Amino acid sequence: MHIRVINPNTTAAMTEKIELSARAVVGPGTRLDAVNPAMGPASIESHYEEALSVPGILTEVAAGERAGVDGYVIACFGDPGLDAARELAVGPVVGIAEAAMHAAALLGRGFSVVTTLDRTRGRARELAARYVAGPACRGVYGCAIPVLELDHDPDVLDRVVAVGRAALERDDSDVLVLGCAGMADLCTRVSARLGVPVVDGVAAATVFVQSLVTLGLRTSPRTEYAAPPPKHHTGILAGFTRPDLAAWSAEPD
Amino acid sequence: MHIRVINPNTTAAMTEKIELSARAVVGPGTRLDAVNPAMGPASIESHYEEALSVPGILTEVAAGERAGVDGYVIACFGDPGLDAARELAVGPVVGIAEAAMHAAALLGRGFSVVTTLDRTRGRARELAARYVAGPACRGVYGCAIPVLELDHDPDVLDRVVAVGRAALERDDSDVLVLGCAGMADLCTRVSARLGVPVVDGVAAATVFVQSLVTLGLRTSPRTEYAAPPPKHHTGILAGFTRPDLAAWSAEPD
Amino acid sequence: MHIRVINPNTTAAMTEKIELSARAVVGPGTRLDAVNPAMGPASIESHYEEALSVPGILTEVAAGERAGVDGYVIACFGDPGLDAARELAVGPVVGIAEAAMHAAALLGRGFSVVTTLDRTRGRARELAARYVAGPACRGVYGCAIPVLELDHDPDVLDRVVAVGRAALERDDSDVLVLGCAGMADLCTRVSARLGVPVVDGVAAATVFVQSLVTLGLRTSPRTEYAAPPPKHHTGILAGFTRPDLAAWSAEPD
Amino acid sequence: MHIRVINPNTTAAMTEKIELSARAVVGPGTRLDAVNPAMGPASIESHYEEALSVPGILTEVAAGERAGVDGYVIACFGDPGLDAARELAVGPVVGIAEAAMHAAALLGRGFSVVTTLDRTRGRARELAARYVAGPACRGVYGCAIPVLELDHDPDVLDRVVAVGRAALERDDSDVLVLGCAGMADLCTRVSARLGVPVVDGVAAATVFVQSLVTLGLRTSPRTEYAAPPPKHHTGILAGFTRPDLAAWSAEPD
Amino acid sequence: MHIRVINPNTTAAMTEKIELSARAVVGPGTRLDAVNPAMGPASIESHYEEALSVPGILTEVAAGERAGVDGYVIACFGDPGLDAARELAVGPVVGIAEAAMHAAALLGRGFSVVTTLDRTRGRARELAARYVAGPACRGVYGCAIPVLELDHDPDVLDRVVAVGRAALERDDSDVLVLGCAGMADLCTRVSARLGVPVVDGVAAATVFVQSLVTLGLRTSPRTEYAAPPPKHHTGILAGFTRPDLAAWSAEPD
Amino acid sequence: MHIRVINPNTTAAMTEKIELSARAVVGPGTRLDAVNPAMGPASIESHYEEALSVPGILTEVAAGERAGVDGYVIACFGDPGLDAARELAVGPVVGIAEAAMHAAALLGRGFSVVTTLDRTRGRARELAARYVAGPACRGVYGCAIPVLELDHDPDVLDRVVAVGRAALERDDSDVLVLGCAGMADLCTRVSARLGVPVVDGVAAATVFVQSLVTLGLRTSPRTEYAAPPPKHHTGILAGFTRPDLAAWSAEPD
């Protein structure tokens, strides 16, 4: 089985960190790789950047299809391009917000999310409303740390623990969800400090994709997620005219 | 007041039709233009195409900001790029699904949507859940006509009327919403045939943007929709590094 | 186009203030007048008073129909008599809570409402649940000022700003809605102080009615809002027997 | 204990029928009377008529308070004036839609409502959304019989049974609710024909009011339903200036 | 009429207290008894204990059916075994959480629940979501007193009043619900101290069952709650093979 | 890793079938066993039987804890005893309805459930409301085959396919969920016939438990699911007094 984890931003160091988290949880028979697009934003902290990450994600999915990849993880907590990727891929595609929230729902009555910047909370709440039952997601909290600072700021762990503790208390939650792929490495330590399960979406999405492939399940091709037929695209996006070769011209040779 | 209607696809004939609908409803003091991006898909009937329409939309919004545009309409029923456009624009940005659904909610207890292809219904339902109260949107129905056929298929009016009539009956709805910018010209005739208000989102969004500008209201800059600071973008999307100049390098000189 | 703004209470000074707000936002081709019934309560701060304002509202709508009015605003934040008025009027009828909430939904992810007395919050919450999607209205707050004190209390602006600021913080809202027609004149100043869009329902409803009339849209006559046939009424309400002449006998000659 | 059932319309024959239903279910120690206002519509089948029934209802509640009534039933399925009546009365006030829906929720997983005219369904659905959990009310169906025909149309029972049977099937409901006070006398026969519990709101509201009074429970006076202080009313509604004497001048001597 | 109140735990002193509450509110023609099973937990403060209370409840219902009981109250705020009991009983079965929440909904816009231990709040919230409309139940609060301490802890009244007062304030609720059968005797005193209606589910369920029996209403036998046919049971539960004789062998002779 | 699948009924043949489904999907390093209790019903098709399956489930979980089991599957689509089992187990516990619904949500916009008898649909709908977002579960359909007939009735496959096809059409669903552990072996064939993903909860829950254990995640011990302290139990359930040894006396030596 071949699983590809797509880091939707272009920061290779973050792709490596994500790969570590994912690799730690796959089974022995699973081939895992992590990639990031050659186009798009260095990190994703706004709707603007999220939107601009999608062409690159689609390029990676199209390349994955040509390479026989069995399932994909989209490793950004906004789950960018998830619906479009499902149209391109034969196998399952799982976003990390989606995976983390479904996993959290299996571990307690309600969860809180700790994310990076306050401005990303609206998207997280929107995704929660789409994925899980109403009362499951009880709150989303920023900790005022930009994505690319997560590795450099020495206070990150303390900050996430502090925001998480306050969230558990205010929301009366059982479980904490980390709201950024860049927080994957904090998972165990935050859980140890807070005494509750803490879910990292990267690892959760990886095992869920592995699970779905094991079950022989893929995105339904019935109507909405059927493959889009070729359609003329122009300008710098002309390479996307054939979805099966999405943006081939934009890929490095 | 200067309102710009953005047709998110690259088909100029459709931009012209959209402009006619919009121009018919603005006040004498309003300057209105309709544009379409130089990049992206010829029409939007999948999540894939919707995602690939967004870079072009953002380019048009950034250009509009430089030109002092006061408010924008995004004229595709999937409301692509709406959140991202709100981050870029100082004035209000309204999607046509959003406008049509809010308008329909002012005219009756419940509405049904008639759209083009069945595969677009999932997105329409998702938007309804985001915009209006639970029981307002009672059903979404495809009529099996691709967007770019709307102008050429002689049966379009009859098909929309037939699907609409069945929808009103099945859903016990008061109001019909046309689920595609390309149906704007059918509005009056469908209403006359069915005896209920029929809402075209292009016209509705145009008067709503005009209304919001008149009221001096703009998207809240408080947190989520604050302008995104510059961030490094790479590859064919490098031109988006400075949001205020989004993709300038991709525009025709 | 002829728009009539109905102040549901009988206080003429408030009708004048409402008219100013509405007149400031209509287009050059729109004839606007503001009226208040000759019967009913001096102000509306309870369910009792709201119920007793409705016969007067219906009288004004019936008179408006005879005078060829194209659309109506009901200018009390409880949206009294909205459903009944829709049965009487051919053109659209919009309540100010309804308009303010739909407008706020176009400007941000969530809004808070600042109203007069705490006892009116239940009604405001009920209307929010009817008009907009679940997470849009995040809180309703009283500021302990009766309607008819709004013009006389020198602390009104400061009080509304203070309650509004606390609401934005507690609810993590983007937008503020003023929950009383009598607050219409505070709108710009509150917005300047708080740095977020502040929506006055009187102005919002006026431009929305103007928009709907421009679009040729009216309340659906399909089932629920069809005109009620004449029905025998007795006692002091005998004048309402013929809806088209609602309470004519009760009007001053 | 003294319970007053208020028939909100002015048709004495219907008041008598309602009284029979109510009287059949009260305990030996309960004094029950049924009244109808001297003002308002002969029957209620529109929002217009519902609104115009409220002043009369309030008059009856105010009179009841002066007479020491312990609790009230509002016997019209639109539950007109319920919030306002709660402000006036010290004891509990229960509407028949409210009572029927809560009772139905105790008897099965979901219920359907059979009402008179299709145009009243919107109000019934709105009340269901206010009273019971989302999935409880599964459908509302008209049977095309006006309220005042219920006693004269020989096909009423067959029609209600036919509409009810189809509703149970379509909605997969366990319980049927009769959506009009004028159907109270059909209850047992419809139940016998359909083999499911059939709830008449008049009887249900009567025993619920009796229950609440027995428990010593009354409407909360905390904020929203506190008694409204006197407020100046004008015109034909001048008699409502003092809520405790609501419309005394309008009552027959 | 014969009503049986089942205390689902095996503590006879609590059964006696429950019986007092119930007996105080039934009519003169009603025979009331209170029982507790001979099997199961001494008190119910966890999902584990709740589950283990159900076989005993079913034994009591089966015995009640053989004795001609007309209706049942299940007197534990988790409403254990409610669905299963409805399958066994011909007459109505009402849980005390269910009854208290429906009663509270008739008395104000929103209620808060005060219960014993924090760990029971999840179940209470789940029941609220099942029984009443979304905004009705505004909060559930523990007061850190185990069920069997309620009678011995001299601070119980003060603690419940303090938690209740804070709940009303925080939730802006009108009504308080006591979240444990063991609090039934506090009802009047808490209401006197807080000035709002306080609902005890034991009394509320008792009068509601009496009401339903008076109305001739019983659980719908249509599909879900039809009597389960005999099915082989093994082990210590072999006595449950015939539902109509549920656990007869386990009953004391 | 040691996973235990608990068949909540006492039919060993069904336990074997369930074990086959589960064993087919676990990784090489996972020890899997399937057990059924020595007490309780032969199959579960009513609330009564579901309730009576729980003591046996708890016995198996307690035994599993003593044996060092890492995670549990509860293999009945009503997810009986799930909350109580979570209190007893240190590792994760996943029900098959829960797993199937979360998995289905990863594969399409909406799913339909095909179950055995109509009477079990109420429980399935209740679980859907608890687990997934509102619009995800679009319908639940019975196919009139009792659980223990699934292996003997030659028409089962055709019946499930027919009911499933009608469900996809009526609900406009993308995915089908099999609503009974006894249908696990039909999964691949139904999917082949219908062309959509078909989810068997037994396999789904097994891989999800394996995933959660791999991630180091367990049920939150924060409040609601903390281990219940010992409590006196009487009668045939006396063996449950110590939760850690739940019903040891009832187990075969």
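Every chain is named by a letter (A, B, C, D, E and F) in the order it is written, and numbering of its residues begins at 1.
Keep in mind that, in the parts below, a contact is a pair of C-beta atoms (placed from the backbone, for glycine too) under 8 Å apart; a residue touches a chain by one contact, two chains touch by 3 or more.
As the structure is a computational prediction, the values presented were derived from the model and not from experiment.
**Q** Using the stated contact rule, I'd like to know whether B-F or B-C comes out ahead in C-beta pair count.
**A** Result of the comparison of B-F and B-C: B-C.
**Q** On a CA-centroid basis, which chain has its centre farthest from chain F's?
**A** It is C whose centre lies farthest from that of chain F.
**Q** For the homomeric pair chain C and chain D, should the interface be classed as same or different, according to whether the shared residue numbers exceed half of all numbers used?
**A** Chain C and chain D contact each other through largely matching residue numbers.
**Q** Most remote chain relative to chain A, going by C-alpha centroids?
**A** The chain farthest from chain A, judged by C-alpha centres, is D.
**Q** Taking the mean of the C-alpha atoms as each chain's centre, how many Å separate chain A from chain D?
**A** 53
**Q** What's the distance between the Cα centroids of chain A and chain F, rounded to whole Å?
**A** Here the centre of chain F sits 28 Å away from the centre of chain A.
**Q** Quick one: report the Å distance separating chain A from chain C, using the average Cα coordinate of each chain.
**A** Distance between chain centres: 45 Å.
**Q** If a residue has to touch 2 or more other chains to count, which residues of chain F qualify?
**A** Residue numbers touching two or more other chains: 109, 121-122, 129-130, 134, 172, 223-225.
**Q** Okay, what are all the chain pairs that touch?
**A** The set of touching chain pairs is A-B, A-C, A-E, A-F, B-C, B-D, B-F, C-D, C-E, D-E, D-F, E-F.
**Q** Chain F touches which residues of chain A in the complex?
**A** 25, 27-29, 92, 94, 98, 102-103, 105-109, 129-134, 168, 172-175, 188, 195-197, 199-200, 203-204, 207-208, 210-212, 214-225
**Q** Considering the complex alone, what residue numbers of chain B touch chain D?
**A** That would be residues 109, 134-135, 172 of chain B.
**Q** Can you tell me which positions in chain F touch chain E when the two form their complex?
**A** Counting only chain F, the residues touching chain E are 10, 37-43, 45-52, 54-56, 58, 81, 83-84, 86-88, 118-119, 121-123, 126, 129-130, 223-226, 228, 231-240, 243, 246-247, 250.
**Q** Which residues, counting only chain B, touch chain F once they are in their complex?
**A** Residues in contact with chain F: 121-122, 125, 129.
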